[in-house]
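In what follows, chain A forms one complex with chain B and a second complex with chain C.
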Partner chain A sequence: MATTRILEWLGRFYIVLLLAFLYLPIIIMAAMSFNASPFYQLPFEWTTDWYQSLWQNDQLIAATWNSIEIAVITTLISTVLGSMASLALYRYEFRGKRLLQALLFPPIAIPWLITGTAMLIFFFGVGIGRGLIAILLGHVALALPYVIVVVSARLQTFAPELEEAARSLGANQWQVTMRVTLPWIMPGVIAGGLFAFAVSFDQFVVSYFLSTPGQTTLPVEIYAAIRKGFTPEINAVSTIIIAVSMALMLLTARFFKFGGEK
Partner chain B sequence: MADQLAIASRRGLRPALPLLLPAYLWLTVAIFLPLSAMVFFSFMTDLPLAGKEWAFTLGNYAAFFSQSLYSRLLLSSLRLGLEVTLWCIVIGYPAAYVLAKVLKGRSREAIFLLVILPFWSNGLVRIFSWAMVLREGGILDTALNAVLPFKINIDLMYSYPAVIIGLVHSYVPYMVLTCYLTLQAIDDSLIEAGRSLGASRRQVLWRVIIPLSMPGLIAGSALIFVPVVGSFMEQRILGGRTGTFYGTVIEDQFVAVFNWPLGAALSFILLAVVLIILALAAPVLRRAG
Partner chain C sequence: MAGVQVANVSRSFGAHKALDDVSIDFADGGFYALLGPSGSGKTTLLRQIAGFDFPDTGRIAIGGESVERVPVEKRRIGMVFQNYALFPNMSVADNVAFGLSVRGEPKATIATEVQRALDLVQLGKLGGRKPHQLSGGQRQRVALARAIVTKPRVLLLDEPLGALDKALRVDMQIELKRIQREIGITTIFVTHDQEEALTMSDRIGILRDGRLVQEGPPEEIYDRPQSEFAATFLGDANIFRGDATGSGIKLPDGTTIKASTGASVPAGTKASCAVRPERIQISTGAGMPDAGGANVLKGKVSKRIFAGNNSTYFVDRDGQTLKVIVQNTGAERLAEGQPVVLNWSPDSTVLIAG
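Take a look at the complex of A and B:
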């Protein structure tokens, strides 16, 4: 069994290597945002200048506010509409239900390049045009399937007898939903909402095709800056954005098990 | 009997409709109508906006089939998708195995979360972080020159390998996730049975473990291959001059040369390719999902 032990240690070592591959670039990028040299030169000299100059960058700050606003509104709308749809898919049997469930996959599975350009064409054609409204319309549509999938997964653990019991004790449909079902699925709803926030806050491709100068989001602004050339200021804003999205997902993980049952 | 009555009372689309309608209406307006509009526009000479002349045409598709440039770029994007998927299998599958079968309890939970975490953080920023590592005078260059006795120049930035590295970094957590889910469902006693019946480790791997985890491998491959074929941002940032792919050409039609109908046709051809791949993978995806 000595071979087994050695193989197990090799496996553990391999996981460490994989984690290094996944995290080292991000750590280096973050470290460079605290380095004084504007050309990323070593040796390392500590500074927070790049973060301070972010505060003077009105364009970036405006884009950041747009990103936050759109993500918050997207979260609210998609969580409410998505939870409603999940409830309907859970409670009722009807023809075409499988089709409705299958329709949730195209928005997730089709590359954003295709969805984004299609939205651009359609919104232009019907007069919505580009801008924050178009971006919001798109983000909610991208977030909805995630919310429905996550809330539905939580509903799978719900016993329908509970609803029946409440109903037989005289509760009406609204009371049953608000007092019995909703409290039970709340962890799923919160996880779905956090997913929706992350989908919107990190969304680049669809926002990119739907934004105009002035009406844009943070990732689009960062992309434009990267293409102009690398500066430690981009590292600073990138470090903030990655810290926010990782914190969000850690929070989501508290409410929703990614790994399934153990 | 009571159960059947309860279910019977929930039959029918009518009571479900008010709950379903808002979400599906939104999806229709923002996803399904746009995709249909894209197909429609791809058969036009110009956008039917105020004052512009337009007519129906097959010219945009003729452009794809007559100019070998587009089909060549589609092929190179498909090749890129294949290479990235293979690297993700090679790197991700062993990691998924260790997570599912070697690590136990809390450490497994924590490391699993660590592997999945980057996948849900900003993709654009993660691609940018590779620019810090790969450029000349970057970290990789400096580190290797500090260790090695001879002088070498590592400048992977703006090259094909840089694009591959960036994309594998972006998508490998997906492969770990899908393979982990199928691997942890394999009963350990099956592996032990194989071993005690005299099979070598390698035989158990190829005859038991890999066949049983095939759904995870296929699901992961589809979920990686499809977005990679439609990627453009990664090539723009890490690929430089070598970074012209099918996705970047579509991007150009919409943001640089403003030939939207051609862009729509190219997008639709990509959509057709993607749908064929997803349809082939769908039975497996459904079982795995």
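Take a look at the complex of A and C:
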């Protein structure tokens, strides 16, 4: 009995440590965004100055909007294209299918630094150059394999007889997809979309290579700001982003019951 | 409602001939069973008729109209799948409504037709349930309602009762037959269960290795099988092999077996005889009247299996084990090891060309 008790406490201790490891830096950063001292000095003195000055930092705000815009468009494009690609890979047998599926994985494993360099060279070569369009194209390319992998995994649990049953009832390909297949793979599509959003919104390396001054995303802007001199405004903007993305994640998890669905 | 004609249909997958020159005429309004072991091509044939797959050569017509290159969604068929294939994201009513809804029928019509179909399968009150809240038998009924609500020309069933337990299966057999009679739809039913084929269908087609072995009403196939395979696959049979004599066969040990049904086989060629176990009389031989024209064999009981309403005797005779089924009439039972005499009429003996 005593050993069970001890193990139980050890388990709890482990969970506390794990959560601290995950969240302590974030909590400290969030706290410091409300601290008056720009040099992280204690005692803690409450202020919202940093949030107010953030509001006047046009560069940071412009970069934030760029990031959101690019992430949203990346999510839309890569989720639609990726889901369509997964359906094609699921439904059809064609020459080179295996090779194509194998080719989808390396982009996930290739370091972003290398992908970014390659994209920079390529975009210059074809005349696209750097800027928001280049960043968007790069992000879609990075996000696409994630969507395909996640949606394909969900499709593995789909019974092909369902499509056959729908067709036997007179449904055309479009009706079959929209009314039978898509509802089933929706949790996978949503999860793939979240991945795509995260890949784009978190993206620093590739965005850094493809940015120009003024045409950049939030992570790159934050990096540039830190290099110039650290200000708690960065803490403030990061805190806002964390709050918004956690709320989004919790909402999605609640509505789509990831893992808990039968 | 329409008949279905399959003419000279062949279909290969790589080197494997799944269907080899199969021709069957499915009469309008009939209940037809396609029976065969797994890999016999019965499901492939059903999929050709449904339109999920197209034949390499041959013709398929529904209601006189050639459909062999028409995709399934344009064939106006109804199909029930082995695992029911109900749409998990839709309610029972929405499942049944699907076929009418994709055709753009008005909402009011759909609601009436769905209710009528659910009433027909006795699930009128369960329209609001989700498929996972139903029992196996109920899912089966929903699948059936969904397949017939669109008034298809032909109803195709792919081992629809395979996933149900024995008692429920018998109930569903009766139910399915009742519904089929009620709406009078041409029905093609794939099964590997010979009892199911015998009890439910007007006609049976037996398939083996992609070929149609024999086709006809259940009684005809059972009483006059044209091959050893048909004789043993549909029901039980004792098979004797020997040389044709003109009126039967001569076994290697010189015994003759007289047969007055089945094929006519020229004397001297290889042939076999099939006898159903329930057609053979078994006795100790004492006080038996002169056999007359009957076939008579002597043997020894090697095993007896009592099954309540009947007993099965396994009788050893010259290296061959014969099966005899005797109804439980209260007569004296024979012990294992006892020498016995078997006799049966030439009318019960089917001659099969070797």
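Keep in mind that, in the parts below, the second predicted complex is superposed on the first by the 238 of 262 C-alpha atoms of A that agree within 3 Å, B and C clash if a C-alpha of one lies under 4 Å from a C-alpha of the other, contacts with A are read in each partner's own complex, and residues count from 1 in each chain.
We adopt the following convention: a contact is a pair of C-beta atoms (placed from the backbone, for glycine too) under 8 Å apart; a residue touches a chain by one contact, two chains touch by 3 or more.
Predicted model, so just to flag it, every value in this text is computed and none were measured.
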{"item": "Chain B versus chain C as contact partner of A:164, first or second or both or neither", "value": "both"}
{"item": "Chain B versus chain C as contact partner of A:172, first or second or both or neither", "value": "second"}
{"item": "Chain B versus chain C as contact partner of A:241, first or second or both or neither", "value": "first"}
{"item": "A:223 touches, of chain B and chain C: first, second, both or neither?", "value": "first"}
{"item": "Which superposed partner A:15 touches (first chain B, second chain C, both, neither)", "value": "first"}
{"item": "Which partner reaches more residues of chain A (counting touched residues only), chain B or chain C", "value": "B"}
{"item": "First, second, both or neither for A:120, with chain B first and chain C second", "value": "first"}
{"item": "Contacts of A:184 with chain B and chain C, given as first, second, both or neither", "value": "second"}
{"item": "Interface residues of chain A shared between complexes with chain B and chain C", "value": "164, 262"}
{"item": "Chain C-facing residues of chain A, complex", "value": "159, 161-162, 164-172, 175, 179-180, 183-184, 262"}
{"item": "Touch list for chain C against partner chain A, complex", "value": "50, 52, 71-74, 76-79, 81-83, 85-89, 98-99, 102-103, 132, 146-147, 150, 156"}
{"item": "Of chain B, residues touching chain A in the complex", "value": "6-7, 10-13, 15-17, 19-20, 22-24, 26-27, 29-35, 37-38, 41, 47-49, 91, 94-95, 97-99, 102-103, 108-109, 111-118, 120-126, 128-133, 137-139, 142, 169, 172-173, 176-177, 180-181, 184, 223, 226-227, 229-233, 236-237, 247, 250-251, 254-255, 260, 263-264, 267, 270-271, 274, 278"}
{"item": "Residue numbers on chain A that touch chain B, as the complex places them", "value": "8, 11-12, 14-15, 18-19, 21-26, 28-29, 32, 40-42, 77, 81-82, 84-85, 87-89, 91-96, 100, 103, 105-107, 109-115, 117-125, 137-138, 140-141, 144-145, 148, 160, 164, 198, 202, 204-205, 208-209, 219, 222-223, 226-227, 230, 234-235, 238, 241-242, 245-246, 248-250, 252-253, 258-260, 262"}
